[in-house]
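Presented below are the structures under discussion, each in the form of C-alpha cells.
Common to both upcoming complexes is chain A, partnered first by chain B, then by chain C.
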Partner chain A sequence: MARIAGGGVVAVAVGMALAPAARADTSNFEMSGKIYTKYMYQNDATQGCLSMSNPFWVDNIGGHNGACTEFELNIKAHVGPKVEAGVRLQSRWGAMWQDWWENGDLKPGVADTSGESLGMNHAQYIKLRGAWIRAAPPIPTVRWVTVGSTDYSMWNEWTIGKARYIDRDNGSGVFFEGELLPRKRLSYTTGAMALPKLWAGPGWQTGLSGNDPLARLYGTDWAFALKLESRVSDELRLRFIGATLRDWEPDRYSPMLTGAPDAARGADHSVALATRFRGYNGTLDAVYSPAALDFLTVSAMLAGSSNFVNPDYATNMVRNGQGFSPVVFKLGSNGTPVSSNGLAGKVLVELADPLQVGLSLKLEYFNIGSEYNAVMGARREADVLLTDGIIAGGFTRGGQLPTLNVANEFQDWDEPWYESCIGWKGATAVAEWVRGVLRVTGEFTYIGYNTNMQGRDVRNQYPNFLYTNGFTDTTAFTADSDYANVYDRGKDPRSVYAENQDRRTFLVVATAQYAIPGFRGATINLKGKHVNDRDNRILANPNDDYEGKSWLGMISLSNQLTNELRTFAGFEYTHWSEANREGSEQEGFHDSRTVRQTARAGFTYAYGGALFSYMLEYFHKDLLRQPYYFDMKWNVWRSKASLEVSW
Partner chain B sequence: MRALLQAGLLALAALAGCGVENLVGSAIHKDFQRPASVIRGAAPWAGATISQITVTDADGNVLAPFQQSLENGQYELRLPSAKYAMLVVHARVGDMELRALVPSIGAESSVSGVDLDALNMTETLITEARLSADGVKLRTLTPATYVATRVLMRAGMTSAGPTQNLFLMVERLAAHFLANPTSGNPDPFLFRVPALDSTFATRTGSACGLPSGVACSAIDAGWIARNPFDYTGGGCPPSTTCSDSAVFDAALGAVAQLYRPAGCPDPNHIRLIFTVDFNQGALNGNCGVVDRFKWATDKPGKSMFLAAWIYTLDPPGASDITDQNSPGIAALFGNATPNVIPMYDDGTNGDESAGDGIWTVTFDVPRSSPGHLLRLGYKYTWGTFGAAWTGTEEWPGNGRLLEVVDVNGDGFVYRRDVFGDEATNKDFSNLNTSGTGSIGWTTALHGCGPEAHEQPFTLHNACACGSAWHTPTSVGPITIPCGP
Partner chain C sequence: MHLETIAGVLAAALITSWGFPAAAADDPVKGCTPDGGFTFTDPTGDDDGPGTYTYPTDAVYKPGSFDITEFQVVPRGDEVEFRVTVKSRIEDPWDSPAWGGNGFSIQMVFIHIDTDHKKDSGVRDGLPGTNVRFAADEAWDRVVIISPQGATRVNSEVDAKCPQWKDRIIVPRVTRASGRTLYAVVDTKQLGGHPTPAWGYQVLMQSNEGFPAKTDLLTRKVNEYEGQHRFGGGTDYDNDPQVMDIIVPPGGDPVKKQHEILSKYNKAATTVVKPEDLAVVPMVYPCAK
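What follows is the complex of A and B.
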C-alpha cells in the first residue's frame, strides 16, 4: 500500500473496509448476446446489405449483394433492489464478408486495396448504443426514475412516437413514472428528451449549420412530455398525452454576438435563445368496454397540434428545397410567420362476434385536420388507422401515420411502407367472419381529404414533396442517388398537399385464410384489393383530372412441414390504370398503365435457438406510357436470408 | 393534491438540466432587435410614404435598410449596423427630389433631424455645387469638417444675405412643386445635382448628359420654360416671372463660393490607413505563397480585425507620441486588444473595392514630425468580435511596425500588408531569407524603403516593390474647417 502522509494509511484502510467488496461473481448481472447475419442477392450491380440506405447523404452501406454480420451484447445489472442499469453494445452494420479487412480509415470517394479506404461503416467496431439507469427512490408517488436511453415508446404516434427500430436507443432522456391515486385511478409519466438533431425539426434537423445556414445550435434542444392515465372504472380508461418540442438557436442579435463585449452595448457575456421551431401535440383518448355488452369496445381519440417555424432561423425548405419539408412554413394574412394548427379525431367501434355466429365488425370514423402534424410522431413501424390504406400491397404491408416526417428508408425490400394520413377524413368498415378453419375479412374505406383546396401556396408555405399523384410502387422503389423513386415517379408517401386538389379515394379489400384440413399447418392466404383514387386537380379544367384504379390479387401457401421448418410460396398480380398520372398543367398530363407480377418463395428453420430464414422473389413489371414517353420493364430477381442466434 | 404537488416539484427539480432552464429563460426573453445605424427625420409633405425615401452612400450606391417605417410625417431607416459617412437621404416627391446629407453615423447608433425640407435641400445644393466646382468627391469629405461648415451654412440661411436668398428660392420652388400634380417624368424636374466649373459658373450640355447649351442646373430647363414661375420673389427682370434657371444658378454659384465643405488640410493630423491582403495565393516577403491559416484558423463568421498599440520597445525605439502626450490615442487602436477594431471589405469605411479580399481600416492620428514620431506596433487577426489571440492572429508573439510618416506627402499614411507574411514587416522572428531575423525602423528588405514605413506596393505580392505610390480614392485626407 502506498504510504500517505499522516494518518492516510489508516484512512484508506478504513475506507476500504467500509466500501462494498468487489465481487467476481455475476449474480447481479444479466447478459444476453445476439449474432445476426444477413445475406442479400439481386441481379443488379449494387453491393451491400441494405436495400435502401440513407437517401440524402448517400453512404457506402446501401446495396443488394453481400453478406454481413453484426454482434450485440446486452448487459443488465441489478445494482440493488431499487436500482437497475443496462447497456447495449453492438457492432457497426455495413461491413460485408467480402470486405475482409477494413481498419476504419476513410478515403472519401475511394475504394482501393489498402483496406483503409471505406471508413468506420465497414470496420465493425463495437459501439455503445444505449445506456440507462433505472431507480425506484422512496419518493411519494414515484415508481420509477429512468435516466438514459429509451425508444420513447411511452408516448404515442400522435405526439412523440416510438423510435423506429434502427433508432431504438438513440434517444435519451430523464423520465419519471408513478401513481398519484391508487389502483391506477391516476398514474403519470413525464420526461425530458434530447431532440434528435438529425430529423426533428425544419429541414430534418435542429440546428446544423452545414445544412441550414440560419442555424447552428442543437445542444440546447429538448422535448418535454407528460402522460396522465386513469382507469376511471373497470369499463372506462382515459389517457392524456401532451408534448412540446423546443428547438432553440442563439438570438443572433444578442449583444455578445454582434459586437465588442462592451458593457455599454448591453453585452454581459450571456446569449439569449430564440425559437427556431416550437411544436405542441396533445391527445386525449378513451376506451370504453361496458361490462353489460362484453362484445363491445369503443375507442375515441382527439388530438391537436401546433407547429411554429421561425423563418429567421430555419431556411424555408418549401421554397428552397423543392417542396421537401417536414413542417409547414405558414404565414398569416400580413405575411408574418404563424403557427400551423390542426385537430384530429377518430372513433373506433368494435363488435366482437355479437351474434355468436363468428361475425365481428369494426367501424372507424377518422377526421385528421389538414395541418395536423406530429413532427416527432412515429415515423414508421406503427399504424394509426384501421384501414389497409393505399400504400399497402399484397406481400408488402403498410400503415398510416399523422406526420410529414414518415421515413421509408434504411430498410429492405420486404419491409412495410408507410404513408402520411394528414388531412384524411372518412370511414372504414371491416367485417371478419371466422368459421372453423376459414377466416374471411372484408373492408370498405372511403377517404375524403381536408387538404382539398384550389390555389394552395405550395411555393412558400405547404410542402408538396414534388410528386403529388400516382400510386407508389414500393416493390420497385429505388434510392440510388435521390430519395424519390427515380425510375417510376409515383406519389411521394409524404405528399399530402398539392397546389390544386379535389380528391377522394375509396378502397375495397378482401382477405381469406384457409387452413387445409389434413395438412399440418398448411394455410392458403388470399387477398384482393381495389383502390379508386380520383383527384380533379383544377376544378375548372376537366382535362387534368387524375384517376387511378388499382387491382391486386394475391395467393400464398404457407406450410409448417416440421416443428422446425416452415415454408411459404405465393404470387401477386397488380394492375394499375392511371389517367393523367404524369405531367403538368402547363404541358398537359398523360396516362400510364402498370402491370406487375410478383412471386415469392422461402422458408424458415428454427432449431435450438437458431433461426434461419430465406426468401426468394422475382417480379416482372411493365410500365406502359407510350406514346408520350418510353415504356419500361423490370425483371428483378432478389433474395434475402438471415441467420439469427440469441443467448 | 399534496402528492401531486410533491411529484410536480420533484419532476421539475430532476428535469432541471434537461432543457428546463431554457424553457424558463426563453419564456421571458424577447428577441433582441437587430443592431442598426438609424436615420430619422421628417417627411413633411402630405401623403408621404416610406417608398418615396431612399438612402445612398457618398458614391451614389443605394443602401438597403433592413427595416424602414414612416408614421406621422416622421421616417426611420434602419441600416445594418456599421460606420457610415457622407450618406444622402433622397425623397422623390412627384417631379421633385429632396435630399439631405448625413455626415456620419456610427455602429449601433442613430442620427435624427435629417429632415427632407428646404433647409437641408439648400445645404445639399450648396455642398454639391462647391464640390463640383472644386472637383472633389463627396466621399473624401471629413465628416467633422463638414459638420463645422454646415453650422456656417445654417447660420447664413437664418440671417439676411445671399445664402438666405438662395434658401428662400428653394423654399418657394419646393412649395410650388408640392402644390402641383406630378407629370410622371422618370427624372425629377427640380433639385437635380448641379454641375459647376471652377469659376462657379453652371456647366452646360455633355458635362451633365444634357443637349448642348442646356444648363446643368438644379432646375430642369424644359420645365421652367414651360412653367414660368417667380421663384425669386421679385421676378426675373424684366419679367415678373422666371422662365429659366439663370438667376437661381447664379445665386447658387455665388453662395457656393462662401463655404468650403471639404475644408483645408489639417496641419496637425493625418489619415492612417491599414490594408491587408487576405487573398489565397498572395506572396510573402520571400516570394512564397503565404499560408493564411498557419496560425489562424478559419471558420464561418470570421472577419478581419486590427490590433495596434503605441510602440514602447527600445530598441528598436519607442514612440514619441504616447497616450500621455496625446490622450486617447491608445484607446483609438483598441489598446492592443485583439478582435475589437473591425476592418472592412465591403466598399465602405475607406475600403476601395467590396469583396476583393483587401481589408481596410482608417484612423485619424497626430501627424509625426522630426523628434515627435508616432510609432505603432500592430498585427491583423482573423476572428470574431471579442475573440482571443489564439487561433485568430497572424502569428503568436511579435508584431508589425509602422512609423506614421507621410513619405509621399499625399496626406495619407497608407500601409498594405499580406496577412500572415512573416518575411516582411515583423519585428522579431522575421523569416525573411535575406534578413537578420528582426527589423528596426530603418530596415529595408525589398528596396522599397524601410519596412516600417508606407511603401509603394505590388498587388498580392509582398516581395516586389511597387512602381508607384497609391493614394486612396475612397476617402480623403483629413481636413479642418476653413474660410472660402
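What follows is the complex of A and C.
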C-alpha cells in the first residue's frame, strides 16, 4: 500500500528531484471508512434513493422509494514531512437493497425479463473517486505543489467555485502555492485544471460529439487560475483571483480533417485547435477590519467576466434547446458572435454589536451586471449575497449564485435550493439582536434588475430556461417528471432573462430562536417572510403586469431529549397570490393562487459512533387556477432515514 | 486606499460619537462583578500556539479565525453566557445547518473552569486531541465545549472518547455565532453552581474537525507542515499542544508568555507520549483576590 505514496511517483509527476522513494511510516498512515445507508419513501410511483437525479438523461437511480448503501474508504499517508498522498475509494451510489444480485452486465437490445441487470449504476462497484499527492519541494517561493484531485476550493464563487460535495474529488489539476513576500504580505496560488467535460461549457459539455455534433474533443480543455493574496496590514487584506476557461476543438477546416493527406493541400499531419468556448473571470476583493473599531468589518468586491462562444463548434442551445443554456450566445450588431461581458460588485458593512447591547447590523449593496456569468462558478452549496433571497422557504433553505450554471439536481427533497442572481442590483439590511437564549433577526431587501429590457432576443442569444414566471415551488419538484415542469412548479431557478421585463422585488424576513428555560436544549424557531415581486413585462401593455405576493410562516420545535437523542417537529404555511402568472402575450395572462401546508417531524440518534436520523414530511398544496386552467392539488407523504457509521 | 479612507472617516466618526477608546488598556481584566462576571482581553496576533503554528492552507481558514481577542463571562439568573470573540468575522463555509450544526464551521473552543482551586481536585488532563495538561492545583472541574457540531454529535464523541468525564463536560443549551463572537449559554446547574469571582478559566482555541482521528474529540491536528486541513508548525506526533490560542494570567508580555507555555513539551517523545511530556497550561483567575 505504501507504493501509492511513493516519493518517486511524485518526482515524476511534478518534474523535480526529490529524495529517493519513501515508504509510509505506519504511524503516519491513516485509513478511515464510512458506511452510509439511506431509506426513502414517498407515496408516488418512483423507486430509487435520490429525489432528483440527472434532469436530462434517464439514469435510473432517481426516485423516492428504496433503500441504498454505499461504502467509502479514505487512505492518507504522510510519506515524509514534505510529501503526503491520499486516495478515496467509494462504491457507486444507485443500487437498491431490492436489486439482490447485480453485476452491471446490461445487454443492450436484449429484453431483460429477469431483471438481472440495470447496468453499472446499480452494480455498487468500487471506484477510485480521488487521488492526490502533495509535496513541499525545495523551489524558491514554492510552499506546496499538489497534483491530482481537487474540489477547486482555493478560488471563489465568482470565478471557479468550490465543487459541490458529491463532486468534491471529481476535478483534477496541478497547483502551486507559495509566498512571494514574507509574513503573508504577498502569497499566491496558481493552477491548471482539467475542464470538466460534463458541465463546464456551452450545452453543459466541452466537446461530446454525441451531444453536440459540432464538437468532439475534450481532452485538450483546461482552466487556468491565479490567486494573489496580501495582508497589507493587520487591518487590511486584499485578494485577486483570475481564471480562464479554454475549450478547444480540432479546427474543422484543417487539411488533415477535410481530405487526403496531400502535402499539396497543406496537410502536414498536424491539426490546429479552434476555440469552442473561452471564459475569463476575475475578482478583486478587500476586507478591512480597523483595530480601533473591532466591531466593524467592511468587505468589498469587484468582479468581471467575459464569455465567448464560437457557434462554429457549439450548438446554440438558446435557439435549439428551448432556451436551456448556461452561456449567452451573444451576437454583435453585424450578427457575428462576440463576447458576453459583465461586471459585478458588492460592499458589505458589518457592525458586530457596536453598542454592546447584543444588536448587530449588516448592510450590503450589490450590483451584478446583466451578463456577468461565472460558467465554472459555484453551482450550489454556496451563497454570495447576504439576503435570504427569493427561493428560500421555511424548511427549505437557499442561496444565490452568479452563474447560469446553477445545479439543483442530484439532491433530495430536504436539501437547499439555489437561484441565479445575475442582474440583481439593490441592497439588504439585516439586524440581529442576541440576548441569552433569544436571537431575533430582521431583513429588508430591495432588488432591482439590470436584466430589465424590452424586446430582448431570447430566441437566439439570451437563455430564458423556458419558465420565467412565478414563484418557484422547490417542494413540488419530483424525480419522475417534474424537472420538466409538467406540473407547473413556477420559474426555473436559472432563469434570469425574459423577452420583456420591467421587474423589481422587495422582501421582508423575520426570524427568532428561543431556547425554552427549564427544558434541556428545547428551542423554538420562528420564521416569517413576505416577498413582493412585480414585473410589468411589456411597458406598453398595462394588462400583462405580473405581481406576485408570497407570505410564509413557519414554527418548529427542536429538543435535545437526551445526550444522544434530538427531536424536531414543525409546521410551515405558504400562500402565494400571483396576478397574471400564467399565459402569454398572445393569449393573455391569468391569475393563480397557491396554498401549501407542510408538516415535518424527525429525530437524530447517536449511539456508540453510529448516527441515525429520520424525517417524515407531509405537504398539502392547492394550486388554484380556475376558470382558465384546471386546479391541481398535492397530498404528499414522504420520509427519509439515514444510518451513518464512520471509523 | 479609497476604501481605507472611507473606513478611516467612519471610524473617526464612530469614536467621536460613541466614545470608544482608541486602544485597549493594559490590564486585560475588566468589569469583575460579584456574581462572577468579567471581560478578559487577549492580544491579537498570538494565534500561533507556541509561536510557530500556521493555519491550514484551505481558503476557509481566514486570518484571525483562531485569534482570541476577548473572553467574557456574563451571569444572568440561573444561566451563564460565555462569549469568545476572535479577530475575524465568524463564517459558516461548510453550511452547518445542513449537518445539524450551530451556524459556524471551523472554530472549536474548550472553556475549562476551575471552581475550587484546590490541589488534586478536578482533572489534570486536557480533552482528547488538545495535548495539554493542567497543574495539580489548577485542575479543571467543568469544561464547556463551544462546537459548531450539534449536541447529539458532540455527546456521542464524548461517549466514545472520554466517557469518564461525561459529567464534567457541558454541551451548552445554546451555541451560536454572531459577528466575531461565539456564544454559549449554560445552566448554572450544569456548572455545579453560580460562578464566583474565585473561579478560574482557561480558554483553548481549536478547530472543528468533522472527521477526527480516533483519539481526538472533534479536534484538528497540528503537523510539522500545514496541510489543506491541518495546522502546521508542530510535530507529526501527539506530543505538541494542539491549540492555536490560549489565555494567560495578567502580567508581562502575554504573547511571549503563551509561546513559552506552549513550547514546554517533550519534543523527544514521539511514538510514546506520556502525560508528563505535554505542555502545562495555566488557569487564569481574573477576578480572584
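Keep in mind that, in the parts below, the second predicted complex is superposed on the first by the 606 of 647 C-alpha atoms of A that agree within 3 Å, B and C clash if a C-alpha of one lies under 4 Å from a C-alpha of the other, contacts with A are read in each partner's own complex, and residues count from 1 in each chain.
Throughout what follows, a contact is a pair of C-beta atoms (placed from the backbone, for glycine too) under 8 Å apart; a residue touches a chain by one contact, two chains touch by 3 or more.
On a predicted model such as this, the values are computed, not experimentally measured, just so you know.
The superposition on chain A brings chain B alongside chain C with room for both. By the touch criterion defined above, A:364 reaches neither chain B nor chain C.
By the touch criterion defined above, A:70 lies against neither chain B nor chain C after alignment on the C-alpha atoms of chain A. By the touch criterion defined above, A:609 reaches chain C but does not reach chain B.
Judged by the touch definition given at the top, the superposed model places A:209 against chain B, while chain C stays out of reach. For chain A, the partner touching the most residues, choosing from chain B and chain C, is C. Seen from the Cα centre of chain A, chain B and chain C lie 150° apart once the structures are superposed, a value rounded to the nearest 10.
Of the two partner chains, neither chain B nor chain C is touched by A:247. By the touch criterion defined above, A:578 reaches neither chain B nor chain C. After overlaying the two complexes on the shared chain, residue contacts for A:153 are found with chain C alone; chain B is out of touch.
Once both structures are overlaid on their shared chain A, chain B and chain C have a minimum Cα-Cα separation of 18 Å.
Taken together, the two structures place no residue of chain A in contact with chain B in one case and with chain C in the other. Contact residues on chain C toward chain A in their complex (touch as defined above): 3-4, 6-8, 10-11, 14-15, 18, 20, 22-23, 44-45, 57-60, 63-64, 69, 76, 78-79, 81, 85, 87-89, 95, 97-98, 100, 150-153, 155-156, 158-160, 166, 171, 173-174, 176, 178-181, 183, 185, 211, 213-214, 223-225, 227-228, 236-237, 271. Chain A contributes residues 139-142, 145, 173-174, 176, 178, 180, 188, 190-194, 209, 220-222, 224, 246, 248, 251, 253-261, 265, 272-275 to its touches with chain B in the complex. Against chain A, the residues of chain B that register as touching in their complex are 3-4, 6-7, 10-11, 14-15, 18-20, 22-23, 25-26, 29, 31-35, 81, 107-108, 300, 340, 385-386.
On the chain A side of its complex with chain C, the touching residues are 27-28, 30, 32, 78, 81-82, 84, 134, 136, 143-144, 153-156, 177, 184, 231, 234, 236-237, 286, 288-298, 300, 350, 352-355, 360, 381, 397, 415-416, 432, 434, 436-437, 439, 513, 515, 517, 520-521, 523, 560, 563-566, 604-609, 611, 646-647.
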